[in-house]
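Shared chain: subunit A. Partners: subunit B in the first complex, subunit C in the second.
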Partner chain A sequence: MEYLEIKNISKKFGEKIALNNISFEVKEGEIFAIAGPPGAGKTTLLKILAGLITPDEGSILLEGKDITNLPPSQRNIGMVFEIPPIYPDRTGFENIAFPLKIQKLPKDQIEKKVHEVAELLGIKHLLNRQPSTYSGGEYQRVALARALVRNPKILLLDEPLRNLDAKIQENMRSWLKKLQRELKTTVIYSTHDPIDAMAIGDRVSILLHGNIRQTGTPPEVYLRPQSIDIAEYVSIPALNIFRGAIKEIDKEVVEIDIEGILKIKKKLSKTAIEKLRKGEVIVGIKPRDIDLHMGPPSENTIVGKLVLTQTIGSETLISVEVNSILLRAIVKKKLTSTEESKIMLTLNPEKIYLFHPDTGETIYS
Partner chain B sequence: MTKRIISKFLRYIVIIAFLAWILIPVLWMFTLAFKSYPEWRVAYFFPKEPTIMNFILVFEPKQIIGMMGATALVDPVTLPFINSLLVVGASTVLAVIIGFFTAYGASRYNSPGPFSLFFTLLTRMLPPATFVTPIMVYYANLKLLDSHLGLIMLYSAVTVTYGIWILKGFIDQVPVEWEQAALLEGATHIQVVFKVTLPIVKSGLVVSGLFIFLLNWAELLFALVLTNVQAVTLPVHISKYVGAVGQLYGPQAALGILSSLIPVVIGYLIQKHLVTAFTFGMVR
Partner chain C sequence: MMKKLIVENLTKRFGDLVAVDHVSFDIMEGEFFSLLGPSGCGKTTTLRCIAGLETPDEGRIIIKDRDVTKLLPQERGISLVFQEFAVFPHMTVYDNLAFGLKVRKTPKEEIKKKVLEIAETLNLKDSLRKVAGRLGLSEKQRIAIGRSIIVEPEILLLDEPLTLVDAKVKEAMRRELRRLQKELRITILYVTHDQLEAMMMSDRIAVMNAGKILQIGTPSEIYESPKNVFIARFIGSPTINLLSSKLTIENDKFSILIKDKEAKIQVERKLYDDILGKHVGRELLIGIRPEEVEIAKQHMQGYNIIGKIEFVEVMGEKMEIYVKMNDEYIRALTPLRTDLHEGDNVYVRIPLDKIFLFDAETEQRIL
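== the complex of A and B ==
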């Protein structure tokens, strides 16, 4: 029995399927990240866990107890919404104290608890200020304090970093992860950004179109996506996708012709080859797995025309045209070529992804 | 350079012309109130011999007889003033309270549907003169003529639609998640309304209240038809100064100043809310 078990949850809004047969388990004390593009059903899922939306089917078990039909107030689940519930007409203290006042706790206890949580989150200076004076990060901290002051069994965070700028996002994420390690609160964290999810989550679930498509540790999800849509979703910058013709040339070795720009040889197991009987395959290459090629052309070298360069910090994102096909690559080495000039790229055949042309399933060697 | 000066100059001309258009009648009323009887109909702005006689006459209108040969009498302003405060105050509070709950239902539960909410505006689409007669007949039967209750009911009914529409705008801006957070924390739905939403839209209550108050404070037609002695309001009282009793422009202007005092004071007291009402006091 896991701490939290979600079993076969489905929800429709009218004709639209928001969640389709969702099942997963969350361990006590972990950060479980749910990543999915906007509209995937993340907020609906969290609201179902909180009890704010009733699922059409399925059940939720917390510590083995069925809480599916319990009203939100009796679940002891805290939630920080994308629009943090910080009421603009009252101070930080009054906002954090709100749940305790609703529970009619004595005044001195409220005072004590609010100060404790404020101390813990380093927001004592915000207690007497009006929310209109807060920065984005401060908003989120106060919202978190309000959710934590009740000591919830599970903390649901719905896109908590969405409206913050990149640098503050990273700061807040590290801070949040460290805080969670101290408190050991079980956290379910939703985000539209796969990088955000993999950075904060102990485990990550990928939610696409109302379906949980894959659950695993961040490296598992990032390095071994189970299908093309997951690979596309987790790859930033966007995955290079090509059609490939596949041909068995030796025992367990195939040759893949990638749209005529490159022929690569790859070792595949018998079962993998079995799945690719049709002779067609979809090839996915992460821009990070393509690099500049130095020296004379050799096997796995692609020659093309550099059409666009974009500097991303110490790396450069380049677009290269080969036989009128565009290829994106992230180059770590110093780029000497200029736009419109010839450039040579190389890739490691081990790192390319092969997807089944009909099902989109990833085929690993 | 000169072009900029000219455009600046033109801008000021426009602003001054606009202000004059709005304010000259008010200024005229103001100076008229301090003019003595012979000056009332003279077309110059400032009184030659400023007097506060008009203000005294408003409270002791008996002196008007003899002074200028007016035949009929008007009453002191005291009763209409109290009536206006009572009727307008009560109907405003009523309209705002009913408006808030209707707006809340409309905003959160889409009740009673956009169609019927739209029709709350109906009373403002018809010229009041079209339905004042039927109301007079009803009121005569219900013994509500010349009563405070009758006016309060009518005033709140015809202005509640402003409360609904203004407050719906405010409530719509309160994210539903703010209420859900409170539900999660153990609050009941009633507590959510009173402890979360109501305090947040406080500025909206004040703004819609002021708006409704101003409309009712200046309302003349209904009060003129439906009141007579007991429940006469200020606008009706003011209108009496020109007509049956002669043309007492001076005291009428003095009354105008007195009757504008209340809205001005209220407006001043709540100006903080008027500002926060538009910014909604939050940062997104």
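== the complex of A and C ==
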């Protein structure tokens, strides 16, 4: 038995299928991230877990107990929204104490619990202040304190960092992870940003169009996506995608002609080769797996025109045009488009992805 | 190259608050220039002064050799795009693009010619008859930009135009916007809180905080030579490590002692003589970017800081490792490794040639 089991949850709004037969399990004490583009169904899923929306089908089991039909107040699940409903006319203390007052806890206990959680979250200085004086990050911390003060079995966080400055997002995320490691609270975290999900999650589920498409540890999902749409979704900067023609099939080796710009030989398993019988394949290459070619060109060198350079810290994201096809690569060297218009690239054939041209299923990763 | 915009000593106060404090910078023709800083640093107020939406208390604004400080917004030769793209949702793409020219009573044939030209460049030709409100974000952005540049402004002002866009789309739009700007040679003043966005698109960046410009430079200059602690911390992701330390001399050997870590970095005589000598005994901050921090599972030469992995964050093919040493953290960014786990004891190396040194009191960089 897992700590939390979600079994075959479906939800329709009118004709629109918001969630389609969703099943997954969350382990006690882990951060489980749900990543998906806007409109994928993340918020609906979290609201179903919180009890704010009733699913059409399926069940939710917490520690083996079916909670599908319990009202929110009896689930002991805390939730923090993208824009949390903090009462603007109440102090930090009153906001955090609110759920405990509803539980009719004695005053001295409320006092104690609020101070404990405020200490833990480093927001004691906000207890006597009104929310209008808070920064974006402080606002979210107070909301989080309010969710944590009841000591929930599960904490649901719905895009909690979305409205913060980029730098504050980054700092808040590691702060949250550190806090979770201390508290060991089970957390379900939703985000539209795949990097955000992989950074915070012990495990990640990819939710696309109301379907859970893949669940795994961040490296599993990132390095071994099960299909092209998952690979495209998790790759930032965007994955290079090309059409490939399978030129010759040996027993174990194929030659893939990538859009006429490069031919690579690749050893593949029997089952993989079986799937390539049609002679076509989609090739995916991460920008980081294409590098500058040094020295004289060989048959594996791609020669192109540098059209754009973008600085990412000590690295550069370059866009290179080869026979009217655009390639993106992340390179260590500093380049400017004016100084070098002709550029040579090389790629690591071990690192490419192959996808089935009809189904999009991953054939090789 | 010609200067398109000169901002001189711009100051704007709201009551007691100095929102913009003697800000000066120039933008060259065809340059993509960003004002970068946290919320409330004065970047948007600066932009609004340039646009003519705020009246500055002091200073001058010169656009293409013309002092526009006292001119109305429409007399300045600027176009402005806000966070919410200014697109008329019920109009067709054609009418959206033509709007500015119609207002200026441009002859019909000329409008048509210009709209077709700009639609071609912006890859909107097939959408001209479509209703703008039904299109995707990327198309709306192109329409908003097309509308702004069709009237041939001297300078295009963009105020956080990508803030509301989700992460995936954002990455593509940054590339597209930069490509367009270069192709059309538009002069852009761009305002953002997102350092990565500024780095990826700009020719030069001005970093702002508390109403002041702290440093102006190319993205690489600012990343590689931050002038002070604030800039070092603000630029770069993951955030730079800052470790409190002291410069010591022992047996004629100079070393930087990382406080409470009993870790030393040996310093060469020359470096000591040239720069560090005058900072002996002072509180220093060592700045080291997480990508430069090296981690080993066994003790090796030079790996003289011992810590424990508190947690890791996977960022695609890289991972950020949080190593706890006493009550401080040091972050390392490495390619994905499967041999490092939470709770592991590790050895950390800080390569001397990659460090920045800051005076802890003034927060200015000394090395």
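Keep this in mind: the second predicted complex is superposed on the first by the 356 of 365 C-alpha atoms of A that agree within 3 Å, B and C clash if a C-alpha of one lies under 4 Å from a C-alpha of the other, contacts with A are read in each partner's own complex, and residues count from 1 in each chain.
Rule of thumb we're sticking to: a residue touches a chain if its C-beta (ideal position, glycine included) is under 8 Å from a C-beta of that chain, and two chains touch if they have at least 3 such contacts.
Note that this is a predicted model, so its numbers are computed, not measured.
S.K.: Kindly say whether there is room for both subunit B and subunit C on subunit A in the superposition, answering fit or clash.
M.R.: On the superposed model, which is not a single observed complex, subunit B and subunit C fit side by side.
S.K.: Now for A:L308: first (subunit B), second (subunit C), both, or neither, which partner does it touch?
M.R.: second
S.K.: If you stack the two complexes on chain A, which partner ends up touching A:K178: first (subunit B), second (subunit C), both, or neither?
M.R.: In the superposition, A:K178 touches subunit C alone.
S.K.: For the overlaid complexes, name the partner, subunit B or subunit C, with more touching residues on subunit A.
M.R.: Comparing subunit B with subunit C, the partner touching more subunit A residues is C.
S.K.: Could you work out the angle between subunit B and subunit C as seen from subunit A, using CA centres and rounding to the nearest 10 degrees?
M.R.: In the superposed model, the angle at subunit A is 70 degrees.
S.K.: Answer with first, second, both or neither: which of subunit B and subunit C does A:M1 touch in the superposed model?
M.R.: neither
S.K.: Name the contact category of A:M198: first (subunit B only), second (subunit C only), both, or neither.
M.R.: The answer is second: A:M198 touches subunit C but not subunit B.
S.K.: Go through the superposed model and pick first if A:P85 touches only subunit B, second if only subunit C, both, or neither.
M.R.: After superposition on chain A, A:P85 lies in contact with subunit B alone.
S.K.: Looking at A:I249, would you say it contacts subunit B, subunit C, both, or neither? Reply first, second, both or neither.
M.R.: neither
S.K.: Contact-wise, after the overlay, does A:P38 reach subunit B, subunit C, both or neither (first, second, both, neither)?
M.R.: After superposing on A, A:P38 lies in contact with subunit C but is clear of subunit B.
S.K.: Just the number, please: smallest Cα separation between subunit B and subunit C in the overlaid arrangement, in Å.
M.R.: Scanning every C-alpha pair, the shortest subunit B to subunit C distance is 8 Å.
S.K.: Find the residues of subunit A that appear in the contact set with subunit B and again in the contact set with subunit C.
M.R.: Common to the two interfaces on subunit A: nothing.
S.K.: Show which residues of subunit C lie in contact with subunit A when the two form their complex.
M.R.: 38-39, 166-168, 171-172, 174-175, 178-179, 182, 193-197, 199-201, 218-220, 223-224, 234, 236-239, 289, 291, 310-311, 313-317, 320, 322, 336, 338, 342
S.K.: Taking the touch rule as given, give the residues of subunit B at its contact with subunit A in the complex, in rising order.
M.R.: Its residues touching subunit A are 175, 177-178, 180-187, 191, 195-196, 199-200, 202, 280-284.
S.K.: Touching residues of subunit A toward subunit B in the complex: what are they?
M.R.: Residues 47, 50-52, 72-73, 75, 77-79, 81-83, 85, 87-90, 98-99, 102-103, 130-132, 134, 146, 150, 163 of subunit A touch subunit B in their complex.
S.K.: Spell out the residues on subunit A that touch subunit C in their complex, using ranges where they run on.
M.R.: Listed in rising order, the residues are 37-38, 135-136, 165-168, 170-171, 173-174, 177-178, 181, 192-196, 198-200, 217-219, 222-223, 233-238, 286, 288, 307-308, 310-314, 317, 319, 334, 337.
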